[in-house]
Amino acid sequence: EIVAKIFDKLQEVFNDFVRIQSDPISSMSTEKFVNLPNCGAISTFIGTTRDNFNNKKVKLLEYECYEAMAYSEMKNVCQKTREKFAEIKRIAIFHRIGKVDIGEASVIISSSSPHRREAIEATHFAIDILKETVPIFKKEIYEDGTKSWKENAE
Amino acid sequence: EIVAKIFDKLQEVFNDFVRIQSDPISSMSTEKFVNLPNCGAISTFIGTTRDNFNNKKVKLLEYECYEAMAYSEMKNVCQKTREKFAEIKRIAIFHRIGKVDIGEASVIISSSSPHRREAIEATHFAIDILKETVPIFKKEIYEDGTKSWKENAE
Amino acid sequence: MTFDVTILLFGPVREIAGVDRIRLNVRPQMTSAEIIQQIVKKHPSLKQISSNCVLAVGQQYRHRDENLYLDTSTEIALIPPISGG
Amino acid sequence: MTFDVTILLFGPVREIAGVDRIRLNVRPQMTSAEIIQQIVKKHPSLKQISSNCVLAVGQQYRHRDENLYLDTSTEIALIPPISGG
């Protein structure tokens, strides 16, 4: 029991990498972290800023977050993903905050596993859970000068 | 009818990028190609060389291909993926041939779409179809000096 | 006995209130719903959005009817709809 | 009437045969299975692996019982189990 807990903790410490930053984020960093010799598959999801919403032209996005809690919820995303996909070796989740221009990445998730199905499904699961649970807030700023705080669909 | 065919052809020419090369391949290139202002999601799959198979230590992998047909089948993978996932904007498939060291990428697929589900599922679909149809042949070379031509599972 | 705690505000809640934190007088034991009610009483502009908000106490989401045990150092946040990703 | 065509070999088939292409005397109309039979007759070492192989003609996979219309320039390949990715 105690050994299992220590193992889980070490798993988290060494194999989960979560990060929130205002500088641009890149899949090179997440993929470099998750790439291991005993893994044959890496799956990456990149969320980028779209130039339109309901026919309105989007100029840029602004993200803010409840940082301490966002870190803790991103770690929870890793943990839930591991619980569901036991084969996963490493997970990296980077989220950008502040201004994000069109075409730039706001979130990048990579996971690795020996075989492809688990990595692909784990990354899919992780982005879904992140959107449901991590306290990050996005404001779309439109070309016409209007703004709108967004809400992730259920 | 003719207009639709011309459109499909243009789609292929401008929005599908397939490539076979003996130099290292990188997700930077595939992701840069698929990233479009009207897309909010990019999904990338990277197949890397694993260091073990059935408890045998793998030293390196060697790939060869039936190049002309491999290109044509990789384009078919793009087309089948578009038929199944109409929302997909761009697809890039890079495959490396020749010697590939442990931890290096042998295949990278990226696809982009306005929303995440389609990109993730399309990339998953594309790697499955590639493994079933593209005439590329892999030989595992083990630490003990033995070698084995591989066969993708059904 | 009552005492003051700090409530952190984010995103649209922060914009509407015009501040990123407010002080609130609370009892040591309250439900999440009661605290949200108190916040709205003090900042009526938050009335409309508050029904879509959830409270985080100690950096954990709390159900509306959950009993909370508070002290002056408890970290509380009023979380509007999230939109990360 | 018969004529010669080139059969391309890849991967384990190439290694077993020791060459990456062979010449084969064929009729203008044959099934895929007949061509594979002819190849094995000429290169008996390919007998075992040939049951796991498929023929590509004009860079398209062909069923075993498919009727093929050949001329001297037809591109034919004996494709062993694939293992890309």
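Every chain is named by a letter (A, B, C and D) in the order it is written, and numbering of its residues begins at 1.
The rule we apply is simple: a contact is a pair of C-beta atoms (placed from the backbone, for glycine too) under 8 Å apart; a residue touches a chain by one contact, two chains touch by 3 or more.
In UniProt terms the chains read C, D = Molybdopterin synthase sulfur carrier subunit.
Note that this is a predicted model, so its numbers are computed, not measured.
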Counting only C-beta pairs in contact, which pair of chains has the most of them? A-B
Based only on mean CA positions, could you tell me how far subunit A sits from subunit C in angstrom? 26
Express in whole angstrom the distance between the two chain centres, defined as the mean CA positions of subunit B and subunit C. 49
Expressed in whole Å, how far the mean CA point of subunit A lies from that of subunit B is 23
On subunit A, where are the residues touching two or more other chains? 47, 116, 127
Dump the list of chain pairs that touch, please. A-B, A-C, B-D
What does subunit A use to touch subunit C in their complex? 47, 63-66, 68-70, 72, 95, 106-107, 127, 130-139, 149-152
Per the contact definition, I'd like the list of subunit C residues that touch subunit A in the complex. 8, 10-12, 15, 52, 56, 59, 61, 75, 77, 79-85
Interface residues, subunit A side, partner subunit B - complex: 27-28, 31, 35-52, 102-103, 114, 116, 119-120, 123-124, 127
